[in-house]
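Both complexes below contain subunit A, partnered by subunit B and then by subunit C.
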Partner chain A sequence: MTSPYATILAGLIRHRGVKGCLVVGETDGLLVDSTLQFGVNGQIFAALTASLFRKARRASQAAGLGDAAFVQLEAENGRVCAVGRGELVLVVVAEPRVNLGLVRVDMLKAVEALA
Partner chain B sequence: MKLQVAADWVEQPLKAFVDDARAEIAVLMHPSGQVLGQFGFARSVDVQTACALSAAIYASAGELGRQMQGKPFTVMHYAGKARQMFLAPVPIDGGTLLLLAVFGEESTLGLVQVYFQDFQRAAAQAAPHWTGAETALASDFEVELNRNLAAMFGRT
Partner chain C sequence: MMGPDDIRVLSDALAADPGSLVFLQLGEALRRQGQLDLAWRVAMRGAERHPQRPDAHDLLARVAADRGDLDRARSAWESALALSPGHPAAQKGLGFLFFQQGLRADAERLLAAAQAADPADASLGAALAKIRAIGADPADADDAAQVRPMAPTPPRASVAIAPPSAQPRTTQAIAAPAPFAPAPADPRDVFAGVLPDETHAALFLDADGLVVAGRYKAADGRDVSADIGAQLSGVSDEASRAMRHLGLGAWTHLAVEAEQASVAMAPVGDGVVLVAAPRRVPLGFVRRMLDRAAERVKRWVESGT
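And then the complex of A and B:
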């Protein structure tokens, strides 16, 4: 059965350098839907990224900056990007060579369709 | 809040679970009523109540599952407004233990599930062969529970 988020995920995974994208529940950290093209346990990754996003959002609020709009984590071998709307978080995992600007624009567009 | 254990092997896996999953309360027990470790309760009577209720919930859920689908329900999650409860079996050599975890807004069900899997693996490796009771008899339940509570809370 196709989930309502399949089209969003299919659009994001087409970007060169994107290795996976997930829709995750922000408050429960549970995986809603995903397209992963690398070896990772989706449920573990979903729980941890949802926690990261929640904490980033709370830090942003605590600093008086309002809601976190776009969270990006740079790692040695890639990037993790997350945007949230309502109860859901859209997460993209990408290689360092990814066109981050393009992915960011598409993620911000896609997140509008999440809720 | 201090972690209290009635068996040495419990300390490391339970501490790791509490720290990683940000659990406010965690109790490791045997379904027969023996408590093996706890974090979050200050009074032994609260642990006693939690163990008795958890054992009853686990037994009821198991029987409900058998009636409905022919095999027992095992993992239970309850989401309250401020706190959530997670109760799940931990298989060890020779038996099964129960872990009760209560968590608030600092954690999520997903995180608790992730670190519970780690806890299951660590407990299965660390636990000695279980030689205690497999079924709870009403008289044994209280005796076993009180013995370990006395050890954990320093009573004689």
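And then the complex of A and C:
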């Protein structure tokens, strides 16, 4: 069975440097759907990125900055981007060399189709 | 003064109901007993939970003053007065702090307001008399150090810690943008020149989320550095945790685009530097400001200030 998010995920995974795309429940951190390259543990990414997004969203609200729309984290060996809508979070895991601007634009478009 | 049993009762009450206002009594009791680290934690958590309560910021300021963190004390008292302009304890605390820093006009204004609210407070009368006697002669600023011993009941915060500035300053002078100097007199000015205008903000936070340098002002002019720092530092903690488990190495940049602002953070030493800009500012520009702010902080830390 094809999930309703398959088209969204297929569009994002095509970007050079993207290693995985996930749709995750923000509250429970459970994986809803994903397209992953070999070696990416979807369950762990789902849990941790949902937690990070939730924390960013709450902190942003508590700090009076409003709701967090897009969260991007860079590390030595990769990048994680997350954008939320309703109870779902769309997550992209990528290599450092990824074109972040392009991925960001596509994620903001794709998130409209979530929920 | 409260004893250990009283403090235990208050601690238990706060543990049973972390959202209660018992933290005000507990924090003050700990402060008076000299348990400043504990008092600080209680006050910080209280201010985080009750950011709209001026007495929470007042408690934070008193504990900060006792810890010798006068910048933080000032920031917290300013927050208290922004929330409640006539808050007598904050007027008194900040008034004494200003006097110690040579800001006589501001000190007189605040202490006079505090005295109007509490005419029986002899410490206020004595301090005001001293300020007025000093007049406009900057050479007399050293006399400010005598204020605290004169006061039979010192302000609830013992702010007479730092020696007065040799050069009298005004709050306006402190707030004005100034070219960056390797060792700015006010840590809040560390990012001067890095940010394009006052709609942008930068903070340097320590590992506990406490503001070390920089400032963050809300649209209404309130200094919300402490609140923003405390809230957003938790995100960097979460980022560290996530990266550790995901095997992506140490995190180097974190950006949050929120409805009102874009915030970017980067680790610097044991702390975090944070830059905020209105949402209309492109994320790439925010990122470059962050890099510049991080460089500025590194130089500032290396300069030993």
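Just so we're on the same page, the second predicted complex is superposed on the first by the 114 of 115 C-alpha atoms of A that agree within 3 Å, B and C clash if a C-alpha of one lies under 4 Å from a C-alpha of the other, contacts with A are read in each partner's own complex, and residues count from 1 in each chain.
By our rule, a residue touches a chain if its C-beta (ideal position, glycine included) is under 8 Å from a C-beta of that chain, and two chains touch if they have at least 3 such contacts.
What you see is a predicted model, and the numbers here were worked out from it, not measured in a lab.
Engineer: Once the two complexes are aligned on chain A, which partner has more residues of subunit A within touching range, subunit B or subunit C?
Structural biologist: C
Engineer: Once the structures are superposed on A, label A:Gly29 by its partner contacts, choosing first (subunit B), second (subunit C), both or neither.
Structural biologist: In the superposed model, A:Gly29 contacts subunit B only, not subunit C.
Engineer: After superposition on the shared chain, which partner residues are touched by A:Ala59: those of subunit B (first), subunit C (second), both, or neither?
Structural biologist: The answer is second: A:Ala59 touches subunit C but not subunit B.
Engineer: Per the contact definition in the header, classify A:Leu12: touching subunit B only (first), subunit C only (second), both, or neither.
Structural biologist: neither
Engineer: Looking at A:Leu48 after the superposition, I want to know if it touches subunit B, subunit C, both of them or none. Which is it: first, second, both, neither?
Structural biologist: both
Engineer: Go through the superposed model and pick first if A:Ala75 touches only subunit B, second if only subunit C, both, or neither.
Structural biologist: Only subunit C; A:Ala75 stays clear of subunit B.
Engineer: Identify the residues of subunit A that lie in both the subunit B contact region and the subunit C contact region.
Structural biologist: 44, 48, 51
Engineer: Quick check on the complex: what are the subunit C residues that touch subunit A?
Structural biologist: For subunit C paired with subunit A, touching residues are 218, 224, 227-228, 231-232, 234-235, 238-239, 241-243, 245-261, 263, 276, 283-284.
Engineer: Along subunit B, where are the residues that touch subunit A in the complex?
Structural biologist: The contact residues of subunit B facing subunit A are 79, 107-111, 113-114.
Engineer: For the complex, which residues does subunit A have touching subunit C?
Structural biologist: Residue positions touching the partner: 44-45, 48-49, 51-52, 55-56, 59-60, 62-78, 80, 101, 104.
Engineer: Give the list of subunit A residues in touch with subunit B in this complex.
Structural biologist: Touching subunit B: residues 24-25, 27-31, 43-44, 46-48, 50-51, 54 of subunit A.
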